[in-house]
Amino acid sequence: MAESTTRNDGRSPGALRPITLERGASLYAEGSCLISAGRTRVLCTASVEQGVPGWRKGKGEGWVTAEYAMLPRATGSRNRRERGQVGGRTQEIQRLIGRSLRACVDMAALGEWTITIDCDVLQADGGTRTASITGGAVALHDACAWVAEKTGAPSAFRHYVAAISGGLVGGELLLDLDYSEDVRAEVDLNVVARENGGLIEVQGTGEHGDFTPEQLSRLVGTAADAIRQLNAMQRAAAG
Amino acid sequence: MAESTTRNDGRSPGALRPITLERGASLYAEGSCLISAGRTRVLCTASVEQGVPGWRKGKGEGWVTAEYAMLPRATGSRNRRERGQVGGRTQEIQRLIGRSLRACVDMAALGEWTITIDCDVLQADGGTRTASITGGAVALHDACAWVAEKTGAPSAFRHYVAAISGGLVGGELLLDLDYSEDVRAEVDLNVVARENGGLIEVQGTGEHGDFTPEQLSRLVGTAADAIRQLNAMQRAAAG
Amino acid sequence: MAESTTRNDGRSPGALRPITLERGASLYAEGSCLISAGRTRVLCTASVEQGVPGWRKGKGEGWVTAEYAMLPRATGSRNRRERGQVGGRTQEIQRLIGRSLRACVDMAALGEWTITIDCDVLQADGGTRTASITGGAVALHDACAWVAEKTGAPSAFRHYVAAISGGLVGGELLLDLDYSEDVRAEVDLNVVARENGGLIEVQGTGEHGDFTPEQLSRLVGTAADAIRQLNAMQRAAAG
Amino acid sequence: MAESTTRNDGRSPGALRPITLERGASLYAEGSCLISAGRTRVLCTASVEQGVPGWRKGKGEGWVTAEYAMLPRATGSRNRRERGQVGGRTQEIQRLIGRSLRACVDMAALGEWTITIDCDVLQADGGTRTASITGGAVALHDACAWVAEKTGAPSAFRHYVAAISGGLVGGELLLDLDYSEDVRAEVDLNVVARENGGLIEVQGTGEHGDFTPEQLSRLVGTAADAIRQLNAMQRAAAG
Amino acid sequence: MAESTTRNDGRSPGALRPITLERGASLYAEGSCLISAGRTRVLCTASVEQGVPGWRKGKGEGWVTAEYAMLPRATGSRNRRERGQVGGRTQEIQRLIGRSLRACVDMAALGEWTITIDCDVLQADGGTRTASITGGAVALHDACAWVAEKTGAPSAFRHYVAAISGGLVGGELLLDLDYSEDVRAEVDLNVVARENGGLIEVQGTGEHGDFTPEQLSRLVGTAADAIRQLNAMQRAAAG
Amino acid sequence: MAESTTRNDGRSPGALRPITLERGASLYAEGSCLISAGRTRVLCTASVEQGVPGWRKGKGEGWVTAEYAMLPRATGSRNRRERGQVGGRTQEIQRLIGRSLRACVDMAALGEWTITIDCDVLQADGGTRTASITGGAVALHDACAWVAEKTGAPSAFRHYVAAISGGLVGGELLLDLDYSEDVRAEVDLNVVARENGGLIEVQGTGEHGDFTPEQLSRLVGTAADAIRQLNAMQRAAAG
């Protein structure tokens, strides 16, 4: 029930935080976007290199990959830089971002170019992986345009993809959790979808409880609606 | 349409592969289970240590964690041992296994003991992560019993948890994919659930396509039914 | 001769680039400053932890240390993240920053607290190490104030320290080199000084030539004058 | 004196433990053998790759190398996976296995192919390195046959090589030590030999005492006899 | 005031320690020099390899690089070998040595050869980095001669480069500090210069105090004079 | 047959190379010895630390361990420093040295002190591991004396241990192989023994052939005789 919860910032359960997409935030990258979602801020840059990794050579297809990192003081207490082993959480997140963003692009149309999306979290208040996807898609759009201009072929970018989190907190379904909500959630869910509403990735986890198929359906449906709003912002940012 | 597909081994779309659970497969471990699912074979051992990691000390609660590895020749071609950096896929899998198995146990009842579930894939033919969860839960059951005997307290094991994969292959919903099906799948899904039908984890990915909320629901429902069969086998194995 | 050179941005040989110091740029850090010097942008955060490293324990003195990193696309082409070995250049730079910033603080007055200054380069156009020192000192000032408030003792911060680069380019003495000037320099110099004009560190290098003691003296003198301007900006930023 | 010792399992001092060689234990490897020696169990797989390491290229000769690892719970208490530095003991063992198995093969006849023997210890009760050699030779035999079939040339496999441990325990000469005997041994010895009785490797160590040349001779002689029995089992396994 | 200080070994403030240069100290290296400065001893070897690193290929120019290490017991207490991460101090030193020695050579005249100078400190009593440069230049001279003989072209070696430390200790300017002086120094300085008096590198640091431009000038001047003595010894050693 | 071979240096088959033991070669180490055997030179230092590794605490016993390394240009071509993974050969050698030197000492008499023997090869011409043992024992002797003086207890050093290599080269039994002989050897052997003639370690390897028990016996016997000469030199060096 909506009345039972007061969210920190007075949002309704199904409302997104204020979101801004600052396209072209980097002087050098072929595409870039600084995304803010509430107090979460992620700088997404897309870097283009000719050629593809060895295992993909000779097929005439491109590749899109992602890296994710947090600045040491993006959070309430300082984290050590991941300068040896990249941690499991980071690996899990950057694999999710990479898979999601590959769904934006027609690899055959891209040809043998590699686009790397770096998602560096400047400030974290929940939802950094979904913000990385949403902002990264804008950077990727511009990098595809850059390749298109270089090669004279049409852009290989096909669909915007965006992502949002949701969860069950105190039994209530909330969208776009901030950090204080995230740590209290019984179930948390990340949904990635295309502009056409097609789902790309759904990850639901119940660390402190289980959930029913019906709850999953409702969460996915609410998230999919929100993603349509994000897609509109992405299009608007791209001008 | 079911007729359109002939599965390698003649199974119907919603059928599991032959599964065996060999409890006590390790001489030394406090709990162990060698699980076979078709040609996939995973040795799951549960090792008990007194105490918990530093960040968890002083709460009187236990901890369950998992590690996952493949023997170099578990697959069709040899893979290098992960003797430096643990790869992203491995990290993602062992985090999933750990989260899933923690849902079996009442950590407060366990007290300050750590149980490590090692899932070593001897032979891989698809579904190694879900087999690891299903087999690992049996090993974990016995390790909890070992702690209970040691401390005189009742076992902290609460629910069996099992897991299964599913996917859309050529547009058809298939359960328990083998490797040849997995590589062709448009969408693949891993579902982890408790004996009561409660979902613990749902991970659906569309690398080669997207999927609708309805397809997700059907896949989750089919998987949940199969998990009930697996739970029965787990109980039977435990004697 | 001044007329022989036209600097990219029309500056005179001894002029600084436009510099801004945005204090409090990080939500969480105990002190922070986003410094821009022309197109170079560095986010400096100061994180406070109680206690000191093992080798320093029991003397009642504090410690200040620094880490330096570049975002992968801070520069014209993407650099790999330093996720194994930290490179020699990075080590050299972060040691310089640490030594320089330690000169700001009375370690006995600080007591057994450690302050870590993270200098993350968001965009690089020359002078990133000197900007890190100048911006880092502002972050350090605020972190010392935070400790002072916590302990009730007066702040251990004693002097602002700032830094600037200079060099001989085409035989001419230039101050505050941008990247295009830096790569052409015969000699480049970094000078770190206190508000009282006392030198803390002088590093002059002639990769493409040598230099005379007289040239060194002139460069150091010019840099020292510029550092006084930076000190004034630091004081102004601190409000 | 033989009467003074009662071995755990009632064996006579010069008797081997029950040994089984299960050829073809891996679905995918070009050669494989699961060897059991008492409670010690090692899965040996031989993987064939075309080409040789860089330092060996262009001579027309092949290469055989070995890797050795223990599953974390192969022993009484859990060992951490060697996921960074490979430990000294592991290095020493896998170098011994590699050298020994190279003596089976005519490298010129093999041609530029590399065969990697992975020896993964599933359960350890002493004698894992010698079991790895004895089982690995069977896997290597089949891998050579696989290459021969591929190339149409005769197999490059020349001699079976097998290995056994021995030691002085309480002053008595024992063969094929189990773990409980191994930790009590004053002297322990590993002998590797060919079917013709020719010695390939002899490693004798006295951590808790020294030994005479005569004791060494007797130990080597007893081991060499036992190796002939192992060679017969290897031939029998190969069918 | 000179009278106020008694140096350990009775030296005057501006005097060097006894220095010996033993050319050809290594049987195998293309150039080598064992330098002793007081109780500091560094073995410098120059190794020649055909070709240059990838980033330098195709320009027809050579490359000179340096590595620096201490034996574990080169100092009063044992240091662990740097067998993982190379420490910051080591990186800083070997970069300084490399930059300094590159100033000896005309890279275009050298052609595509790489010369690596290894500076291994056998015993350390202050001044190891400057001794490495002075001794390394002798090794480099001979390695250039070796290349010249091999190619028939004239040697690419152009100038000897040498280095010395100085500092302010108890307010007094001292040259060539030993370890006991170094730890007490308010300011320490390393100067690298060519035979013509041209400065190659100046690094002055005030960890325990600051220094004036005038003090810097005096230190640099005194060091430059001493370097001329070292250049003479280098020439004499080369016979 | 002795006539059939001319050794490089005209030695007879059973003769040692000229050997010198320079005790006290290091200014700082608690024991040290620079050993030369022909052109092989190894600096052995013994460093004493109070306490023992964690796994050995509380038994009142000491520990002796060894590290082995080559300078990069100890050999005919430059080897990279082992700055990540320590290679298998190094591991194998330093484990052999450690085991051998532990046989010199009564660990209970030593008490909870750790002695680390660093064996750094300055120049290599075969036999570096055996020279390390022979020279390391002298360094260890002096380090035990240092501990004895510190604690007032008698020295824990019991026996000198020395080592020598031998081999079959062209069918002939040779002692103390230099590098050119080592690479041609069909069989090579390292023997470690105590002053009383008791064997500590025997390692025989036939990479290019096999060997008979009789050949092994002869090699061991010849080596044992030579080790008695080395023991005498060790005693003489210790004065």
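Chains: A, B, C, D, E and F, in written order; residue numbering restarts at 1 for each.
One rule holds for everything that comes next: a contact is a pair of C-beta atoms (placed from the backbone, for glycine too) under 8 Å apart; a residue touches a chain by one contact, two chains touch by 3 or more.
Quick caveat: nothing in here was measured; it's all calculated off a predicted structure.
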item: Separation of subunit F from subunit A in steps, with touching chains one step apart; value: 3
item: Where subunit C and subunit D are represented by their mean Cα positions, the distance between them in whole Å; value: 60
item: Inter-chain centre distance, subunit D versus subunit E - centres from mean C-alpha coordinates, in Å; value: 51
item: Distance from subunit C to subunit A - Cα centre to Cα centre, in angstrom; value: 34
item: Per-residue multi-chain contacts in subunit B, two or more chains; value: 86
item: Topology of the chain contact graph, where touching chains are joined (line, ring, star, complete, other); value: ring
item: Going from subunit B towards subunit D, every chain in order around the ring; value: B, D, F, E, C, A
item: Of subunit B, residues touching subunit A in the complex; value: 85-89, 91-92, 94-95, 99, 102-103, 193-194, 196-207, 209-213, 216-217, 220-221, 224
item: Subunit E partner contacts - residues on subunit F that touch it in the complex; value: 26-29, 32, 39, 43, 45, 47, 49, 67, 69, 71-78, 81-84, 86, 116, 118, 120, 122-123, 125
